[in-house]
Amino acid sequence: MLHFDCDYMEGAHPQVLQRLTDTNMEQTPGYGQDAYTREACEKIREACGCPQALVSLLVGGTQTNATVIDALLHTYEGVLAAESGHISQHEAGAVEASGHKVLTLPQHEGKVSAGDLQDYLNTFYKDEAYPHMVIPGALYISYPTEYGTLYSLNELEALSRVCRENGLLLYLDGARLGYGLVASADVTLRDIARLCDVFYIGGTKVGALMGEAVVAPCPELLPHFFTHVKRHGAVLAKGRLLGLQFAELFTDGLYLKIAKNAVETALKLKQAMVEKGYRLYIDSPTNQQFFYLNQSDIERLRRYCTFEIWATVDQQQSIVRFVTSWATRQEDIDELIRQL
Amino acid sequence: MLHFDCDYMEGAHPQVLQRLTDTNMEQTPGYGQDAYTREACEKIREACGCPQALVSLLVGGTQTNATVIDALLHTYEGVLAAESGHISQHEAGAVEASGHKVLTLPQHEGKVSAGDLQDYLNTFYKDEAYPHMVIPGALYISYPTEYGTLYSLNELEALSRVCRENGLLLYLDGARLGYGLVASADVTLRDIARLCDVFYIGGTKVGALMGEAVVAPCPELLPHFFTHVKRHGAVLAKGRLLGLQFAELFTDGLYLKIAKNAVETALKLKQAMVEKGYRLYIDSPTNQQFFYLNQSDIERLRRYCTFEIWATVDQQQSIVRFVTSWATRQEDIDELIRQL
Amino acid sequence: MLHFDCDYMEGAHPQVLQRLTDTNMEQTPGYGQDAYTREACEKIREACGCPQALVSLLVGGTQTNATVIDALLHTYEGVLAAESGHISQHEAGAVEASGHKVLTLPQHEGKVSAGDLQDYLNTFYKDEAYPHMVIPGALYISYPTEYGTLYSLNELEALSRVCRENGLLLYLDGARLGYGLVASADVTLRDIARLCDVFYIGGTKVGALMGEAVVAPCPELLPHFFTHVKRHGAVLAKGRLLGLQFAELFTDGLYLKIAKNAVETALKLKQAMVEKGYRLYIDSPTNQQFFYLNQSDIERLRRYCTFEIWATVDQQQSIVRFVTSWATRQEDIDELIRQL
Amino acid sequence: MLHFDCDYMEGAHPQVLQRLTDTNMEQTPGYGQDAYTREACEKIREACGCPQALVSLLVGGTQTNATVIDALLHTYEGVLAAESGHISQHEAGAVEASGHKVLTLPQHEGKVSAGDLQDYLNTFYKDEAYPHMVIPGALYISYPTEYGTLYSLNELEALSRVCRENGLLLYLDGARLGYGLVASADVTLRDIARLCDVFYIGGTKVGALMGEAVVAPCPELLPHFFTHVKRHGAVLAKGRLLGLQFAELFTDGLYLKIAKNAVETALKLKQAMVEKGYRLYIDSPTNQQFFYLNQSDIERLRRYCTFEIWATVDQQQSIVRFVTSWATRQEDIDELIRQL
């Protein structure tokens, strides 16, 4: 049985695991005060071209989103996000748990547009009743989005500009950042560091056992951040585990190197599907691929592999999602393609 | 240089790490829906003698405390704890972050007494203004305590009785539970499961990379607990990492077996200290040992080893803490003793 | 200048004010422990046909919504509401401030339908990822709605049935309850008490200086409610002020008697507008009336009276709201009609 | 029966009530956008000597404390207060409800000392583990305190200095501010405005039906405060009710004029008690007086008057509290003194 359910089905990339194994019995101070964490943060700062950035390593994505958003907002502010955004839908109210409303914008293949954002702000501030409403304080975007799509550099720059002109902070959820960067035609890590106020580099889905690296190019945006993270229950006692993994992932470009495999295998699958006449639901350039499938095709394919039913269209048809990762084997994709 | 700062300086016990390594490239579903997590939960239920218990694996201690306490309390309730309790002092307000006050009781070598608890409740409910005050909804205790001390079975039973007679839930923080169980004269894991409403079995400090196993003998106390945990940002995507570690720790009694080493080395150190004339601050039976040390002794010993200054007594004297763990080597303790 | 901005532009109904004046120098215990509060609660219980109901008097509407909803929900639950609901739009995130997401349903002239509610629940629980989402715990409706519309008895019964069959609590915001009850063809206060789990009887907009009376036919739904209200900063020290006002409003049917005036004047205005060729935006049977107006008409009418621009349609046209109240004078309506 | 339970047993001062009555049928915009609220704010600014101050009128004391403290603190900060402070004891966790811990300082007759505050800060920041603890962000004091005592100008200046030198905001709870100002030897309203960052002028206990006036000499400390207050459910729809009352109280010095009566009657009572041999618990200069009374005296006096049992000393003796107010009649005090 082949598995294409999600991109966190395996453990860590072998080099990452090796690093953990090699250092296992070393003794280091806790809470990220160790040399490996320092090494990881330094390498991430360098990759981002932000020598002054605050880098903080957390364990998981929902945790990171809730912790960072709570740090960025004033009590009376909410965060704008696509209605399909992860924080809008699939985080069990973790953002609201810290008292902040998630305000929704229309989504276009998972993305929000600078135009919609500007319209929202115009309408909001023109409403005489706006002081009775949640003030938008930040914009949340994901890159790639929940539909695997990517913002172009132009789109990112436009969003960043609207944010800065209107006093919104821009926060980018990079749970799958590696896959986005290798698939993008024009966006680099340094662009993201330049255009966003805070973002995170996803480890859990791109080679690590777990771990997300928060980057704030201007550290003063996140004062007392260690204490804030602790208050969110998000400090890892053996912080060096995160340090070791990110140090390895950011040595010799491993992070992007392993991300490539996911995108290559995904595009190979997409091409084969299209050639065999299946219809794309969204034309995704990254490691998540969405197709329309008939019920009979679903049943037939499920004998060979697992994948997610994304949504039911009608009694005959559903939208399904196939996900590849750094760990997907070429032979498994070939085998899947043979069964299509 | 020898290190006795804390009990989370190394990675995982070699058997635990081996299990992670052996299974690294296996594909499993996420969020604890995998067979390893099921195995771990089943073994923990068995060890606790609670075939119906809800078992849930979280990542860290503060996270677990904040998540469980928030699940147990009504909005208008607070949690009672020793003034020296971890939630009272060292969790950066994580309990208050979910809206609940930590109400403090006097501590006696880190412990709360059933008498003090009963007095608190009597005084509280006799006060005509009590509806203007935070209603106590649960009692938090740690076992071992922050001072390494242990409740006797009698003491635990008395606390449990006062709680049950007064409608308080009893929650036990077992960050170092293994060290407590092997050091206790009379308390077993089954006693804890019998006397507490919820408790957790600490993995981070006892052989795991990370991980704390929440046990609720009556699952109905924690409805929709997965969603609640997710809302706290505390669900691990690759849940099988926690499952694998606890499955290994609860195979052939590994958890208690490796805990013994910490207690044996700690007691050896304590005996040597006493014989050499150092004064105990607290007579701890577990892996944390507290002594009075002169400034000159501190300086001399710091050439050989690291340890924590717990508190400053005066200009000459401090209270220091030495901590051993499952990983402490006999030769290191012997070397330390030679240097005393 | 005539004023039709809202229904809280005056102080209190003269009889209510008289009661406050007559008792001004009496001494009573605080926090609602006085005889006037008891009298009010008893009269409200009687009017609702709920001799066992918990009745609690709060100061304002947003306060009441936030306090009650927080009391009704488990931490991991959210509250469903029409996207046009007051809690969705105009309470500055007061519900989210206590950690609960407001989940939105489509609105039909301000109302939610039992069908949409059932669809939401079906879709929600069919989604395999639902444990990652906010669990719906209650339904919020307003009566009359923010558009002045009313649920028929059939509609209310259908909503109540879907709620009870699916474990949702039904909470009704009765900020303008009096105006709804006198305008309704078939819904009585006793119906509301029978079909809802908690509701409030609005005083601020219907004759009182301030005050909203929360009614929970089954008091066990709101344990320790005084403490809960206090924690929300919503206990009034001189509680007797609320007691006196509601006692007066529920003596000899004053509450409904004075509500009639608002509906009569509103309907007179609606009829005149229609006769003069203005277009209704919504056909409201209560004291809020919504019309389309051209920019030139707006400018002309604003010389005589104030009213709210509800929404801008385009450069020529807007939707405007005229509101009457218990205090609206017949001669003012007649004068307004003359100016139309 | 005479009543000395508390200082909120009557309605409003007759002049205040008259103002409400005279204006009852006037129509004004809601939410404090009316001319009376502007008048009140202007008069308060003038009385404080702070022409730029933000003044905001809220309904009650606990509400005001919780709302202001939540506005002043960063998420990761707590508020320091005397262990006897109102927010520490009698607000049902309203401060914690917004996620902030109340950190306690020793109390000396209800007051905190600059020395204790400085010691707390020194100890806190010397502790290497302080990033794991709640960062103190503000100091809460009450004036008069819960024991009726007053800070001298020297004491206030010392507290203010320690706060400003250490980056703490100073917030003063003036629920009984009028009584404190008329009783103080040297502290004026302008001193308070000069030394505190935010404070409130209590109306509920000093002549108003309800109402507390928040004053922030530097408005930038409370950005978007209306929205913040709304989010706390603390905006009064008919805001003019608060405006009218404070406008009247700050016309021709009415606020302090009526406060005098409370202090004079309280001091007369204190003197009589002392002369008759009763023992003071605390030597309070304001309208709350605390005495030791034997059980037999308590029973005897309770035939004539009501008062509060503050605390039980032993089976024979209790501490009792007698409270006077702007409304206390000389003849009632004389009658009480006759019965002593």
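By written order: A, B, C and D. Residues from 1 in each chain.
Everything below uses one rule, namely that a residue touches a chain if its C-beta (ideal position, glycine included) is under 8 Å from a C-beta of that chain, and two chains touch if they have at least 3 such contacts.
Remember, predicted model here, so these are calculated numbers, not experimental data.
Student: Where the contacts of chain B and chain D overlap, which chains show up?
Tutor: A, C
Student: Which chain has its C-alpha centroid farthest away from the centroid of chain B?
Tutor: Centre of mass proxy via C-alpha means gives C as farthest from chain B.
Student: Quick one: chain C and chain D, Cα centre-to-centre, how many Å?
Tutor: Taking the mean C-alpha position of each chain, the two centres sit 33 Å apart.
Student: Compute the distance, rounded to whole Å, between the mean C-alpha positions of chain B and chain C.
Tutor: Each chain reduced to its C-alpha mean, chain B and chain C end up 49 Å apart.
Student: Take the average of all CA coordinates in chain A, do the same for chain C, and state the distance between these two points in whole angstrom.
Tutor: Comparing mean C-alpha positions, chain C is 42 Å from chain A.
Student: In chain D, which residues are in touch with two or more of the other chains?
Tutor: 75-76, 91-93, 97-99, 131-134, 227-228, 230-231, in rising order.
Student: Along chain A, where are the residues that touch chain C in the complex?
Tutor: Interface residues on the chain A side: 75-76, 78, 89-93, 96-102, 128-129, 131-134, 309.
Student: Under the touch definition given earlier, write down the residues of chain C that touch chain B in their complex.
Tutor: Interface residues on chain C, with respect to chain B: 70-71, 74-76, 98-99, 131-135, 223-224, 226-228, 230-231.
Student: Can you tell me which positions in chain A touch chain B when the two form their complex?
Tutor: Per the stated touch rule, the residues are 3, 5-6, 8-12, 14, 17, 20-21, 23-30, 59-67, 91-94, 97-98, 204-205, 209-210, 227-228, 230-238, 241, 327.
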